[in-house]
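You will see subunit A twice below: alongside subunit B first, and alongside subunit C after that.
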Partner chain A sequence: MLSIVYAVLFYVATILLVVGTGMKILKYARTPAPLKIPVSPAPRTRRGVWMRMGREVLFFQSLFKSNRWIWIFGMLFHWGMLLVLLRHLRYFTQPVWWWVELIQPIGVYASFAMVLGLGGLLFRRIFVNRIRYISDPSDYLMLLLIIGIAVTGMGMKFVMPVDIVAIKVFFLGLMRFQINELPMNIGVLLHLGMVAFLMIIFPISKLIHAPGLFFAPSRTQVDNAREFRHLSAWASQLPPLPEGIPKDEKG
Partner chain B sequence: MAPHDMNTGDAPKIVGDPFKMPDLECGASVDTNTYKAAPEHNEPLGFPGELLDNWQEVAIAKIGELAKKNRAFQVYLDTCVKCGACTDKCHYFLGTGDPKNMPVARQDLLRSVYRRYYTYAGKYFPWLVGARDLTREVLDEWYTYYHQCSQCRRCSVACPYGIDTAEISMAAREILDSVGVGQKYCNEIIAKLKRTGNNLGLNPKALRATLEDLEEDLEEETGLEVKLPLDVQGADILLITPSADFFAEPQIDGLLGYAKVFHAAGVSWTISSYASEAANFGMFIGSYENMREVSWRIRQAAKDLGVKRIIFGECGHAWRVGYSFLNTLAGPFDFLDQSYPIPQHILEFTMDEIDKGTLKIDKSRNDEFVMTFHDSCNVARGSSMGRKEGGQFDLPRQVIKAVCNNFHEMERDTTRENTFCCGGGGGLLTDDLMDLRIKGAKPRMTALQQVTKDHGVTHMAAICAICKSQFTKVMPKYGYEMDSILSVHQLVSNAIILDGQVDPVDED
Partner chain C sequence: MKRLFASFLILIGLMGMASAGEIKSSLAPVVPKAAGEAHPEGNEFMRINHMKLMVHDRDDTVLLGDRNVKYSLKECVACHAVMGPDARPVSVKSDQHFCRTCHEFAAVKIDCFQCHNSLPDADLVKKLTMLPQKDRELAAYLKEVTE
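Right, the complex of A and B next:
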């Protein structure tokens, strides 16, 4: 019974994640940027912007310069999570890809980095006055949710091993539209339940910062306004203004 | 990061720390409010004269409209993760300690309302995501705190997602304007510009008289006929400069500097009475339409006078609009000479002349000054200059060093793209906000005091009319003479020796 519930849950969550995020991306992409507003240090070429965004995405360049503690915790969390996610590919591939096999040990330890980073961020949210001031309940809950996912996952790996083969059979089955038995283990149910919830809220919460980052005009625009005229569709429809100075307004 | 360890070891004893974190004090600057506009200030700009009866409805609809028309606004409302990296980056927060002056908190004043009406979470679980209804109190809070943001973008540089509070605060002001709650200072000035061509309301006759007076001064100083031409048909260059250059110190000395450079370079140039203003206050109120109308005058004047090039004088906000927006708002400029950048900055012109060797310069004439340079934030973070990235930082320094012997940099985290605003930008240069302006200038002033202590810096140069006016007013509060702020072209003017120049005989 619960297997069916979880199967449905994951189908729904996947659809909401993909469709919801896709719609947000489309919305951002379609919204015009009326003016050129790149912020310094702004590259003058497309290539420069790619490099800039690369440094932002891979190394959190701006954050590095603006707040070293948030940078450290943020890097630990995001890079840890990336490795953990890549490690999880083994549950969705058969045979497991060689490089996924290769990073298994790193992926396991990356979970510690991830939790450490999240813990640091939570600590700052609670104890740094300025950050506590700007935090809403959802900001704490989001951290707790991801910590919950990480800790239940680590629990299954290090404390109470579960029937991982059966879980893999369940997910491989979902990918072929068949519902197999999911091991009834509290760790498994919690972990997967929270993951599904995270997937569902991804497009409608601040988690949308991940794709949103690529649409921030301040960072993604090329600084070449003098060379190339930038004009948004709606601005080109504005009523024309007179050429030359009207006779009665001449000094 | 803040140089917290500079007070230890052999490092020079720091006077104060420009990054000193204030204690949070809720409501510390809630009573600092700028005068509201009267109907006669709002209406010429196309805004309702007074608060509309259905203001709430209109404001909410306006949020949705702006989110559809402006990607930056939409994306910035959605992507903030409340990481806090920007919280200590605003000079108004550092100066007042009011938590609502932290950039993210400032954004949240509007974001909370956006969430309530435009997001799933805010509609159904407002308490969870800090969403709130748009009430009269919220509207007043917007008015207060969106007029405590100079739109300097220092927070945007710090944010991992580039979230630019200036965009939010411009949008907020546009929303306020659209329901009839305008700011007197900005709206009155824009209305004046539409009437007369400049922010001062100076008519062509008065402008001509002012320029003639200045020509006399120049003749006294140099013994030469250095012209300040007005409305000259067929001149090569149209100079667009902030109207403060015509009447305020130290801006005037900058204007005289441009005139001398043009004279030495032997080019023909003119000022236009129709477009006798570089500053575009349409930007401060976030109104594309008003900004476009103001910019358009430059195009009209250029066409009418038949010039080949447009050069902008020293003005930060004007240069952001000139460099980044003018081509968009009033282009394409296919009727101008394409071999020069359109528009060009006076520093680009002067630097070229220095490189060509057309200017005769005696640096020792500036020996009484020990200089530093204040990067005006709209130049530093919203535009560029020259052919290379970062030209907006390098060109002014190169020019200063070409005409001065003594130059020292302020602390790196307060210059270039990290520069602190002077505290008076973004439509806040009004006497009713004096308290805020003094507090907002603190980080910059503290950094200046440091170089005064370490290197004996006596004067600071800037390339923005607003910065200059602001510093003239606030520097005395920090132990400097009001004339410790100089125009960059004032230094050029001092050092340049024109062909045939006769220095006046010292009478004492």
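Right, the complex of A and C next:
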């Protein structure tokens, strides 16, 4: 019964996550960026932009330059979460990919880095006055939600083990449109419930910064306005000016 | 509201009881049958806690010198021996090995057999299963014939 509830919950959450994020990406892609506004110092070639985006995505370069503490906690959290997420691929692949098997133990340690980073970010929101002043309830919600997911996950690893074989059967089943029994364990239910909630609110939360970063014109534009005349797409499609209007204005 | 919450908890408890035991799905790994008696704690308990039992007993034996522990890896291996095509027990090198069926499914590495023997102790197998060698050979032969 509750297995069915969770199965439906995950189908709905997956659809909302994929469609919602897809719609947001489409919206970002269609939003015009008519002006050349790369933040300097900006690369002057396309290749340079790729390098800049690489540094930005992998190492949070601009955050490093602006705030070292947030950078440390952010790096700990994001890289920790990446390893933890990759470790979870074992629940969705059969046979498990060799490199997923290889990083299993690393993912366990990464969970500590993840919680440490999140804890630091939460501490900052609560105890740095000017950060607390600009913090919204949703800022706290995201942090607490991801901390909750991480802590329940670690609880199932270190304190109260659960039947992971049955859990994998449940998720392999979902991917084949069959509903198997989910172990009725409070840790499993809390962990998965929070994950589904996070998936649902992802497209309408601040977490959408993940795909959003790739559409930031101040980072993705090439600084070549001196070499080439910049003409936005809509401007190049304007009809020619009618007779009698001077093309150039002097002065 | 309180009553609703209580009934929700009871519901979870009931379903927990209903699900105890085997995983019924074609997607689950095929776990080989053991030779001896079933665990009184139930298979689900063993799936979840076998490593705790083994590590706990290891600590009892190694740190406290107690050799009369309840669970022993030797007995696990003896009772859960899987016969290969040559009617002899397979080692952990074979993917038929009892431990590997689930451990591979869950991508969990087994450290035990870096030191311990994954092959059953012949005397212990006889003691635990009371199945004469001849019968086992016959069983393996029949299995081969039917396959």
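The rule is simple: the second predicted complex is superposed on the first by the 232 of 251 C-alpha atoms of A that agree within 3 Å, B and C clash if a C-alpha of one lies under 4 Å from a C-alpha of the other, contacts with A are read in each partner's own complex, and residues count from 1 in each chain.
Rule of thumb we're sticking to: a residue touches a chain if its C-beta (ideal position, glycine included) is under 8 Å from a C-beta of that chain, and two chains touch if they have at least 3 such contacts.
Keep in mind that what you see is a predicted model, and the values were worked out from it rather than measured.
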Exercise for the section: In the overlay, answer first, second, both or neither for which of subunit B and subunit C A:Val169 touches. Expected result: second
Exercise for the section: Applying the touch criterion given at the start, work out whether A:Tyr133 contacts subunit B, subunit C, both or neither, answering first, second, both or neither. Expected result: first
Problem - Contacts of A:Ser218 with subunit B and subunit C, given as first, second, both or neither - result: first
Practice task
Based on the superposed arrangement, let me know which partner A:Leu190 touches: subunit B (first), subunit C (second), both, or neither?
Solution key: neither
Practice task
For A:Met75, decide between first (touching subunit B), second (touching subunit C), both and neither.
Solution key: neither
Practice task
Using the touch definition from the top, say if A:Arg226 reaches subunit B (first), subunit C (second), both or neither.
Solution key: first
Exercise for the section: Report for A:Pro95: first if it touches subunit B alone, second if subunit C alone, otherwise both or neither. Expected result: second
Practice task
Decide which partner touches more residues of subunit A, taking subunit B and subunit C as the two options.
Solution key: B
Exercise for the section: Using the touch definition from the top, say if A:Gly48 reaches subunit B (first), subunit C (second), both or neither. Expected result: first
Problem - Contact set on subunit B toward subunit A in their complex - result: 1, 24, 67-72, 74-76, 78-89, 99, 102, 104-105, 108, 119-121, 127-130, 153, 156-164, 167, 197, 203-205, 207, 231, 273-274, 288-289, 292-293, 296, 299-301, 303-304, 323-325, 327-328, 331-332, 341-343, 380-382, 384, 389-390, 392, 416-417
Problem - Complex contacts: residues of subunit A adjacent to subunit C - result: 1-3, 90, 94-96, 100-101, 104-105, 161-166, 168-169, 172-173, 176, 178, 180-181, 183-186, 189
Handout entry: subunit A-touching residues of subunit C, taken from the complex the two chains share
Key = 11-13, 15-16, 19, 23-25, 27-29, 44, 47-49, 51-52, 102, 104-109
Completion exercise
Interface with subunit B, subunit A side, in the complex: residues 24, 27-28, 31-44, 48, 56, 60, 62-63, 65-68, 70, 74, 121, 124-125, 128-131, 133-139, 141, 204-206, 208-209, 212-213, 215-219, 223, 225-226, 228-232, 234-235, 238, 241-245, 249-251
